[in-house]
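Chains here go by letter, A, B, C and D, matching the order in which they are written, and residues are numbered from 1 within each.
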């Protein structure tokens, strides 16, 4: 089986990472590549690392251009995919890398994004309970945000096993590509290098409701989330430090995590004494994590690393595509990072 | 008045930063510079940025070499300063940048460092209540650890005003110079660049008891601290994200911080909407901070940035020296960073 | 004597560095700060490292705003300073950090920049033969480009002593702040970090005619220059590697450089065996250099490091101001870098 | 066909990159992994990015351990492979990533490395004239040095077509992984980040004789090489800027390069106006290059980018293995980089 795919938003970072993965996916043929203001220019100008596609000219992002493909990936700014998706054939597999179809609660959508809520689609985090079933055969998939991906996977086993109270703190250090190619002064190399800065502090980041949604579903009760993203001087990677009060003294957290992720192809609990580093996940779809019980503070602490563009975005999209199409889930994906 | 100073450990990062500051201090004359394995080599080999001292040859670190100075700075590995300090004239101002004289609790010393506890000295964090009085005229000063410096200043006003519960979480992103010049594989540039990694997780970092000591004193009750350091790809700087449950609904945290730091020359609460970045503090003795109340999560979140080598180490040492000697506290120090 | 200064272009990198230096200059009082699109906003928004000036509101860049100062620094885009300077009092010291008044040859101006040539001003590279005389008492100064500064100083002694043929190659690795705060995709942190790229190759960079002008004047004959800038992942610093064929076998190059720079306060020939690194010059006005004779290749190779924003821009401006006003040349400047 | 391979030096950077590539090579089965001081520890401790091999325990590097494989890769310090290789079965394909078997001239070996010259093996730069023939069926291969790889490919077409004089200048900016995992102060992250530094200047770098050997063979006459490496703050990548005097006025250099590399799978001449950046080659076996004729300076300038660990080391080893074994040359290799 060869599926023909299209990518809307091919000149951005998420689009570029999708194409990097899809170029080596054995069952994929790359069709239309579209862009907004970059339409009409060759892909090589924007993605010089994708040599095999360097001469491909970007088309306009329209439903017409995207029609006639088996799979359409939408790597568009938030709020841009709902309208476009509505114009695509319902039988086409549409995978939205933006936020439009992640939240199930219209009130949350309205508060955090505003405008009409497009409704929710099957959620592309296969490692969550029940998620694989929802993804198999789906024709619409919402890819999770990068922070909720790593934070949810870091907390899920402890919440599910009631090892911790439903009151969690997430501080996530992120590389700059998470902000996309936005031309903003604080994203200039001169500002970023040599500096760490917080942003969206105090519950102001739009990934907060997605955290709450995921974690409350896992815990079976409302979970309170304090989330702080920190921008660090690296192009890629998220290192999340999450913690929560222990529910009952000192838990055997390690056993819970070992059990929860024993069969997962992409989630890897490190040997005791080793701690995750984002570099080890660069370009891979792996999640590397480690747990610690702090008896003095009475908290469980979990540290998890991913590549924000791979497992955090484009890798999750490919993993979801594989499931939706009935391909082996790991096809075209890897747990091998590019380091150092 | 000109005071003659000596620096033990002049070839390391803390020693280098001390000399950088002292070279422009108007009341200081630089005397003996000592080292361990680097003794006998010129300072310029190890500190090529200190051109005026490039030809100074490093002496052995002994009590004899350090004798005859008004001020002796000990920038030595933990556990090395107590014995040396005991051999120095009691009238000499001795400023220890290591951990040996920070902890007041011998049991804590024993648990975290082991060996004989050297006792505690006046603590070089002048912004704490009562600290300036203890430092004025002191002949022995213990310079705080870099993480406790920024974390304590980030939490002190809220704890003192009982805005938060005594149960705090600190995640602090640090540049690599905090680890000194240790030749360890994970500190190589190839490993560090492009990567964030956690270490000392789950209460395993030796700065934890210093946090507990400081914060409990401020709160007037035991404070529980969950502390996680994260190594980020930058040479200098710490960005601490601290949070704690709000004690009584939504507090006017900003007012408390404004009041607490109104007269402080080095602690700067940023205008609303601005968030600290470590680059803005590079080479300066400033602490830049910002507060947020997260009503959904019921937590106060404070973010604070310092230069770990300046306010976090050598700047605090100079600030303490000024106080001990009766000089204006800000002499030779600055709130102006080197950016971008 | 206290001189009152104004800075046009205070929200950019060159303007910020000027203010960083001028804030600690003992003879300077900081007056008007102006900007283009950032007028009306506080300086702290753009230069968060300059805490003492954080609340200063930026004025519009007009001749009126800049009037009534003893010294006016123009840190403006190329082509913007000539018209403004013409409106300023001829007795005011005007120091142009842009390119408008560097080139003496109108044809060169026309080829490389286009538009009317504003003529040349005394050139702010005091280390060149005769330059100090021209700067003393001057009321107009053109600050050199950052690449010609380091490249000229690296080659001058060898050209003047006829050790090399007048046919030089310059490859200069630069930090990103040299490009200013331009919002261009290739200057985003995500693109810059982890990457080195060449630009302006093959004689296409506008600093080329300034190189030719400087070097030909020193050599007393036309000098051919092949200049390639390389963008490296660091905010500041230039490391220039220059080479040229040896004129007569193996020269005692070191002696020529020692002699040429013996009395210079800011140019420092490193001890044999040490090679310059840009970090050692960060924030300082120093030039660190080293020479090597490659007998096999028959070339002299010189490597020189500066901070592009300090000696390469704002430091040279302050050094020139000192000379023009009759102050000690080194006032407010330093050879001490901020490292690591 | 499945070939069983062994890697000696599996805990280093070259060994890690080899394994990263070989893990996805369809015709390879990974056998013995050996190390020196790291023997007895699991690979995951040293190469946390290679999750599928994390639990493999490293064996001692001995001829016995390496026996019984179809291919043995030697990723050892220079001078260590000759003796070991002599003990391996002559029918085994031995691929040496070190310098021991690169130089054909014993006098050059003696001058640059010293000790007994082990002789030269077929040279693993297939893009050179005649190299593929020598590699097909070979049982011994010497992988080129990273700098000579990129520099030779940047100059070969111009030298072969006599467009330039045999007197070339190479300035190559390199990431830090080229220095391996050596625990030296100047390779610490704190020293490397934010800094560019030259080393091995004036013809002192050991890759110089390999340059001379390659370029003289291509030119058919002795070529003089001035080579300067510059260490830049990035883990991987080399950006080489090479230039030489034009032989006859203005050459159609672009046509010569297009022709020379038209059929090459890994060497890619960029479209006019685009310049190479190392990030675009990260993890790929590609060489990206661009040429410019500087009529004013009378020089040809070529800029070329590679990943020093891939095309510069381990990728070249795999490419050579493919040729030696009669596999398609590009198997297991890619021109797709990981960016941003």
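In this section, a contact is a pair of C-beta atoms (placed from the backbone, for glycine too) under 8 Å apart; a residue touches a chain by one contact, two chains touch by 3 or more.
Which protein is which chain? UniProt says A, B, C, D = N-acetyl-gamma-glutamyl-phosphate reductase.
Computed from a prediction, not measured in an experiment: that's the story for all the values here.
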With over half of the numbers shared counting as same, classify the subunit A/subunit D interface as same or different. same
If contact pairs are compared by residue number, which of C-D, B-C or A-C agrees with B-D in over half of them? A-C
For subunit A and subunit B, let me know how many angstrom lie between their CA-based centres, rounded off. 37
Let me have the rounded angstrom distance from the C-alpha centre of subunit A over to the C-alpha centre of subunit C, please. 44
Subunit A touches at least 2 other chains through residues 13, 177, 188, 190-191, 193-194, 233-236, 277, 279-280, 282, 339-340
Could you tell me which shape the graph of touching chains takes: line, ring, star, complete or other? complete
Parts of subunit A lying in touch with subunit B, wherever the complex brings them together: 167, 169, 171, 173, 188, 190-191, 193-199, 201-204, 208, 224-228, 230, 232-237, 239, 241, 243, 275-280, 282, 290, 292-299, 301, 303, 305, 339-340
For a test of understanding, state which residues of subunit D touch subunit A in their complex under the given definition. 13, 16, 20, 23-24, 42, 44-45, 47-52, 54, 177, 193-194, 235-236, 268, 270-271, 274, 277, 279-284, 286, 288, 334-340
Could you pull out which subunit A residues touch subunit C in their complex? 13, 46, 175-177, 179, 181, 183-185, 187-194, 233-235
